[in-house]
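Shared chain: chain A. Partners: chain B in the first complex, chain C in the second.
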Partner chain A sequence: MISNNDTSGHELEYEIPFGPAHPGPGNFSIKLRLDGERIISAKSDPGYLHRGFEKLMEYRMPMQNAVLSDRLCVLEPLSWNLVHAEAVDELMGINVPERARYIRVTMAELSRIQSHIIWYGVMSKAIGFETGFMLAFGYRDYILDLFEQITGGRVYPTGYICPGGVRRDLTQGIATKIRTTLRKMNKMLSTFEKFDNISISARTKGIGVLPLKEAIRLGATGPVLRASGLKTDVRKDDPYEAYPEFDFDIPVRKEGDSCARLSILKEEIEESMKIIKQALDNMPEGNFRVPSPNPKIRVTLPKGEVYVRNECARGEGSMYMVSVGGEKPYRCKIRGPSFLHMIPVLEYLLKDSQIADIPAIYWSLNVCPADLDR
Partner chain B sequence: MDKDLEYNKEINIIKKINSLFKIDSDIQRKRRVWITVNKKDIIDISKFIKDMGFKHLSAISATDLIGVGKYELTYHLWSYSDNILLTVKTRINRNKPTVSSVIGVWKENAQIHERELHELFGIKFRGNPDLTPLFLEDWNNTPPFRKDFDWRDYVKKEFYSKENKREEPYWKGLPPELYKKRVPVPKLGVKERINNFREVSKTYSEKEVKIEASRCLQCKDPAPCVEACPAGVDVKKYVKEASDGNYWEAMKTILEKVPCPATLGRVCPHPCEEACTRSDLEEPIVIRDIKRFIADQFMDKNWYPEIEKERKGKIAIIGSGPAGLTAARQLAFDGYKVKVFESKSCYEKTPYQIYGGMRVQAIPNYRLPPKISLKETEEIKKLGVEFTQATLGKDFTIKSLFEEGYVGILLAIGASKSSVLNISGRNLGGVFSAIQLLSDIKKGINISNFKGKHATVVGGGNVAIDIARSLRRLGANVMIIYRRSLEQMPADKEEIGEATEEGIKLKILTNPKRILGEKKVEAVECVRMELGPVDKSGRRRPITIEGSEFKIKTDFFIGAIGQLTDRELLNSMNINLDNKSLIKVDSKMMTNLKGVFAAGDAVSGPLTIIEAIASGLKAAELIKEYCKKKRS
Partner chain C sequence: MKMKARILETVIELVKNLFSKPMTVRFPHESIPIAEGYRGEHEYDIEKCRSCGLCANICPNKAIMMVKAPKEYRKKYPKLYPQIDLGKCCFCGLCQDRCPTGAIKLTKNIFLSTFDSKEVIKNPVPTK
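This part shows the complex of A and B:
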């Protein structure tokens, strides 16, 4: 679309869409107004993946919702399992057994590593570095193998982390296998290290700078906020599950550009590995799920409301659950990290940037249209 | 005391807010503070608590408390310095949900959350400049997260709206086999039809047409039926109009392209039905008989409006078959002075009308009663087209026509000469060509000779079936000999079926070798064939089986193996022909003589009626173009 717009002082402005195509930005589109190669303004156009989870959850019981919560985000279903399970646990006042807490943390962190690998992969592909993409997705499969053995599903665990604990105990000998996989992850990280100077930083340094003040104002969370310089992590600040019992660091960068976000990624994988090792070493014996109330049987959710915050791989994932004393939640508000990353943050970063930098900015935010649209 | 120390921070926050505003508060657990405020104070409290350090707006949510008629708005705020989650609750009227926007406090973050709530709950945020929907364009004006939102109703409205839905399913009240299968075309029984030339099939009743026409799926454009029709008749449109009962509209749609709907409704080889989408799964729609019904409704009425135009440019059309008639009609519409010439010789002594070409001359009455083509010709006469009985080469020539002032001439003389079988004994008495015999039967010449006799027809086309069935009606025992297999017979499958019902024997993979007899035919010597490899026409070539000769006793031998144009006549006019005796034309359908066009079977070889009409349509357009060029 070409329009002559004299009022803005530009002789010729173009309006072009970026997306929606699945291999491109996912089921998401950005409407760009361009002056030559420069982006005058960007407008996010979500809604291509809206499935109405919040409404769907009002019609289902907690155990059904646990399965449903997988589909909130394709790239990290276990994290969303955990958010949902925690909300129900807190609402029902269930004291989750210690072993279940450890298993949950292990799974959530494995999920985080897996999601970060995808982040690295698509980011490499976006800036034209196919090798990184192939390498990352190759290593991701080792973790998917673990998921398959533990939960039964490679991508979707079908509500493995459920209210009251987890569905099944860890399979025999899985600890060794996880450790082997973690060694492979170490190897992967060292390979990533080699790529850093030659391939990645040239395209990412100084691109998409998000100053800390703006980051807080626009509602950025998680790795994006930490890359801008605020040392914050829900796991530390608002601890849940067994996280207070583990020793790990919060990686922080000051630059706030795409490159900083990518280096946060790699460090976070290392920290996650640290947590998993500790969890495996100190894994307590006992029940993996509360024996009573059995969440598989119809239960009533006590009257009340909770707001649960979690640190998902791509930022703060929260759930606001209201119950009026029925079998089904009365209201379920899901707050995905991508909701703010993909609308205000992205619009802010794209403004006045170059069209060639769109991929480097877009995928450096580690976004997922699925949890934006819900 | 311990508890107080533990919740020190939380209590402090509540105290601070409580000192300025009237609030209800609750500490749910560590780091979770819930306060309920008045709707009016929301902006002031927001500013105040943001200054206290709650810089991160985690989410804004709403709950529909339908029991008390309120929406409960919740603002979930996080303080990075104190690590406390503060939830601010306020209630607003459910029926008039309006609240001040906190966009001034938490900026873009709040803007997006409010935009979402506006879409899902219909809450109006005063001061928020952009509340366009994020997810869907339109929720039918009902916010979906209200508890009284009927999603079933929404789905119904959205996906089964009036535009998307048929008004009433056509199968309503019908047994299921009726809509999967075609409505059977009413027919005379074998005993009723075998001794006379009454029309075999009958016209549908109105009820039957409505059922049959409403089976049409109305495929997306381009519809396969429209594409399959050589003349490009808008089949989809007239079938729809017929199912709606607008028969005159349907008639007009058909008449746009073809001049003889009633004839086509009876004898068209219906390529549209073969292409019909329904034929993929079940039986195709009986398009031909729908057309027949439509045409039969208007047999007593005028088809065309009167044209009062100044006649310009004389055009001569030689031959009054479908191609010639179509061209004549199209040119008359455009105000040309058209004259149609029909040869004398073919129609001597005929009791019926004479114009109409092969369909009048050769199609037997049980398929096409003469009054049908008469009506169609009459309608064209009313358009101002003149008809003359004069033979090309005897009464006039192309040269004489140009001298008389004709601008363009269309040769639509068809292929009226039967090809002759090149076997010995073809000059014996009792050997006929199919076209000649059909014409004779139609005129009523020598019809009593055949009673109780044996007749052998050679050929597998429609003409062969026509002559066989005609002879059967005259009382002969008929056998059809065809050299290929049954699947390869070019005749209509329905007609073959009807012929066998009437007791006509079919001998496939058989070829006549010679005709035996002294003065009159006594027997035919035939030879068995088998199918060999595929030839150029895409059919498997029949190969003679040596030594398999046998004799068939017969009194008459009729060859129906194809037709040719009149080579001698055309040669005498200096018209270029190709090696199959067909007229050579260029891309403008003009022959080697300037201003002389050719169309129909004379150009393409013997094809079907609808293809001749298509050719006539094309020729008319090109003649118009030629005349315009010549005038300017």
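This part shows the complex of A and C:
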């Protein structure tokens, strides 16, 4: 795949692609111009996973779109369920029952934990630390077990968080099981801490430094921006669902390198666990969904437009929905957090770095090609 | 000193792992139980069905098609009934949620792989 570039007159300059191989960068490719081992410039080459969700959503009813919104990001389907459900709720003026709002928060946070565990796993694999990968994916399965019992599917909840509430109530005794799983997550975090000095820091410290000024200029959000030193979180800045009722902190780091992003990950898992514990303790009784209208009556979306934003695991995910008064939305615009992390931020970080550091930089951004291409 | 402590830690971890059970199970011989309410293969009861077509209407993948019963059954079942294409199905369970009589239900059966592509289509009235 190496092609010599004779036109530039520089003998050592050549171009190689990184990806698109699924177990590597995953349906995504970067075209690199190299001078020996040094990267002169990097150009992202997305589009391998484009499925056209924005157009598909114009042909489906809100409940069908809830099922579709799972696939926006393979690694955190429940967060995207929540973004879609909130957009429809706001457009239709639905008052979601208190219990449903608590269940939504619990599920969104569980989804964040399992997504961050994947982040840790693939990051470990990328820097050649297989033990971390195995451990992380093993522990992730405990959360998938919970999803199986609550939503009926291990990975895809198929619109569990739907317009008007959630599709099923929490099953009996699930609160105890969630608490047991959270204790296992604590054990996992303490194991991860042991690895920190030996295996992870050596490969990630000082690699892929993103200064705060550049992070803001390039449009980074979520954990990437927090690792660069800005204390921002949509859950606090623009609260939604039941988040104002919970007590939690926003972890911030100043370094802005891969190592800072990894430590943010572990602190965020702890904060998420705090939120889940509070939600389970104060879980109100009542309906888990607004009484659904008679299935024979057609549900129409009222005229109007709405923009909602949420804190997904990877950053700020948002949806802009327009309705002209039909059964289906007229337009859906989705903002995936990975879009800006994978194109401008990644291109900036890869410039002038070493070829061996690409995986450590790429995976530290917690990216998902599925939500980039949509 | 630190190095020695680290090696000791590793050895303890190694011995622990030698005698602990693996996280996985040996699949065909034993399997982990599937949770209640899992979304698997459909179970369809034609006696309960009203032929309202709501399941075909809500199906996001258009996996359900309303079809006539085979000729020999047409006297007994004169209306249109849902035919489910499991190859197109995403197992979301919206048909189950929307069915007013509970004629369609998702079961825990997840072993659906087959060598015959015709087997994935579930006819409302079993032929043969």
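To be clear about the criterion, the second predicted complex is superposed on the first by the 356 of 374 C-alpha atoms of A that agree within 3 Å, B and C clash if a C-alpha of one lies under 4 Å from a C-alpha of the other, contacts with A are read in each partner's own complex, and residues count from 1 in each chain.
Everything below uses one rule, namely that a residue touches a chain if its C-beta (ideal position, glycine included) is under 8 Å from a C-beta of that chain, and two chains touch if they have at least 3 such contacts.
Just so we're clear, the structure is a prediction, and the values are computed from it rather than from any experiment.
Student: Going by the touch definition up top, name the partner, chain B or chain C, that contacts more of chain A.
Tutor: Result: the larger residue contact count on chain A belongs to B.
Student: Applying the document's definition of touch, where does A:Pro17 land relative to chain B and chain C: first, second, both, or neither?
Tutor: Neither partner.
Student: Could you say whether A:Glu54 touches chain B, chain C, both of them, or neither, answering first, second, both or neither?
Tutor: A:Glu54 sits against chain B, while chain C stays out of touch.
Student: Could you tell me if A:Arg217 is touching chain B, chain C, both of them or neither one (first, second, both, neither)?
Tutor: first
Student: Which partner does A:Gly229 contact after superposing on A: first (chain B), second (chain C), both, neither?
Tutor: In the superposition, A:Gly229 contacts neither chain B nor chain C.
Student: Look at A:Thr171 in the shared chain and tell me whether it touches chain B only, chain C only, both, or neither; answer first, second, both or neither.
Tutor: A:Thr171 sits against chain C, while chain B stays out of touch.
Student: Which positions of chain A sit in both the chain B and the chain C interface?
Tutor: Correct list for chain A: none, the interfaces share no residue.
Student: Considering the complex alone, what residue numbers of chain A touch chain C?
Tutor: Residues of chain A touching chain C: 60-61, 63-64, 67-68, 138, 141, 145, 148-149, 152-153, 156, 158-159, 167-168, 171, 194, 198, 295-296.
Student: Quick check on the complex: what are the chain B residues that touch chain A?
Tutor: Where chain B meets chain A, its residues are 28, 31-32, 55-59, 61, 63-64, 74, 76, 78, 80, 83, 85, 87, 106-109, 111-112, 116, 120, 133-136, 144-145, 151.
Student: Sort out for me which residues of chain C touch chain A in the complex.
Tutor: 6, 9, 23, 34-39, 54, 58, 60, 90-94, 97-98, 100, 106
Student: Can you check the complex and tell me which residues of chain A touch chain B?
Tutor: That would be residues 46-47, 50, 52, 54-55, 216-219, 221, 230, 232, 237-238, 306-307, 309, 316, 318, 320, 322, 330-331, 333, 335, 339-340, 343-344, 348, 373 of chain A.
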